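Input: structures, listed below.
Look at the two complexes coming up: chain A is in both, with chain B in one and chain C in the other.
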Partner chain A sequence: MFTQFKYWKPYISPFDPCEPIRIKSYSTPPQLYIQFQPPGLPQYPTAKQALHCGTLWPDLFSPYPNPEKKGN
Partner chain B sequence: MWYYEKKLQYPVKVRECNPRLAKFLVEQYGGADGELAAALRYLNQRYTIPDKVIGLLNDIGTEEFAHLEMIATMIYKLTKDATPEQLKAAGLGDHYVAHDSALFYNNASGVPFTTAYIQAKGDPIADLYEDIAAEEKARATYQWIIDLSDDPDLNDGLKYLREREIVHSLRFREAVEILKEERDRKKFF
Partner chain C sequence: MTTKKLPPEYYQMLEEIQANDFVALELNLYLDTHPNDFEAIKQFNDVSLKSMEMKVEFEKHFGPLMNFGRSFSNYPWNWKDAPWPWQV
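Now for the complex of A and B:
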């Protein structure tokens, strides 16, 4: 299993006047972890759901914005 | 800041006056996939990339300037003391009109360098993938220049530079792997 977002703590200098963002994140979508799509990958149960997600396969879906991040 | 060593990263030798070859080589000087574009792209992306890969962009960006200097030396040697007639015959008449024998940042077709060639998207994966693509395009450009060149001394330097593109591409791919790794799984929100 992989995570769709990674987090890192940037260096914050005592002379950075903007209110620092202490933890930053970036997206690591599923295609980074799939060399070649295997055959027979499970599909969404309904066509409507697949259309909504933009892909037939839940394993390829990448949420954005980060659902774990509040206030987005 | 940088310290400067007054020598080339790899020796540059040119067998004969050949302004036509210089016209092709300038693609790596001021072209879209050239050394200037590479150096500016990597050194600029450093600021907003996760700290684990800043050092890599710093080192490779710096090396690209060393490559730029090698390319400049090659172009300079290929055209040094060439007469206006020789330059004109090599298709460099319009270059001569604008620049005399000076070097300039344009591509092999004379199109001036533009920062529209490079990108800093802010997304670390997108930026590193651009860097990998840039290295592969530069490798291909070196291949096609070597194909056009009949100067074995020049080709020695070009083969060295082509190999560096391969090494840099691998390093950028490794950087992607580092950014893909699961690190602190702790939730921060």
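Now for the complex of A and C:
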């Protein structure tokens, strides 16, 4: 199954003046893994929900920014 | 000069129109790449019709949403009245 985010550990220099970010992530939304959207995908029941999630189809939803990152 | 206070329905109806238009937009983009998807076209037409009805309904209470002939006007001419889209 695809994951919404991929993580990697950047190199941290011993002379790094600030608190380093040890684990960084980047978003890999579902559309990267779907070549061509098949017709008849299930949709969100209400328009407001679709508006809130930013897409009409739950399969294409991607939670950006990363919820685990807590803001930075 | 009393500052104009808008009823909560104003925001509820506006949000519904926004959500409805978002669905229309999503379907529009989907149909660009899926021209033969009959179900989506039916849904798109329903959503568009609903959007027009909601806008006419909204305009009855709170004045025109669009100008240059895309909305009816009340009396007196009030499309210039606050709130403008960025003031909502």
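Assume the second predicted complex is superposed on the first by the 69 of 72 C-alpha atoms of A that agree within 3 Å, B and C clash if a C-alpha of one lies under 4 Å from a C-alpha of the other, contacts with A are read in each partner's own complex, and residues count from 1 in each chain.
We take it that a residue touches a chain if its C-beta (ideal position, glycine included) is under 8 Å from a C-beta of that chain, and two chains touch if they have at least 3 such contacts.
Everything quoted here is computed from the prediction, not taken from an experiment.
J.: With both complexes superposed on chain A, which partner does A:Ala47 reach: first (chain B), second (chain C), both or neither?
T.: Only chain C; A:Ala47 stays clear of chain B.
J.: Just checking: does A:Ser62 make contact with chain B only, chain C only, both, or neither of them? Give me first, second, both or neither.
T.: Neither chain B nor chain C is touched by A:Ser62.
J.: Determine, under the contact definition given at the top, whether A:Tyr33 touches first (chain B), second (chain C), both, or neither.
T.: first
J.: Classify the contacts of A:Gln4 with the two partner chains as first (chain B alone), second (chain C alone), both, or neither.
T.: neither
J.: Could you figure out whether chain B or chain C reaches more residues of chain A?
T.: Answer, by number of touched residues of chain A: B.
J.: Residues on chain A in contact with chain B in one complex and with chain C in the other?
T.: In chain A, no position sits in both the chain B and chain C interfaces.
J.: Inside the complex, what are the residues of chain A that reach chain C?
T.: Touch residues, chain A against chain C: 36-37, 39-40, 46-48, 50-51, 55-56.
J.: Using the touch definition from the top, list the residues of chain C that touch chain A in their complex.
T.: Residues in contact with chain A: 15-16, 18-20, 22-23, 26-27, 30, 33-34, 37, 39-40.
J.: Inside the complex, what are the residues of chain A that reach chain B?
T.: 2-3, 6-8, 10-11, 23-24, 26-29, 32-33, 68-70
J.: Across the complex, what residues on chain B touch chain A?
T.: Listed in rising order, the residues of chain B that touch chain A are 50-52, 123-125, 176, 179-180, 182-185, 187-189.
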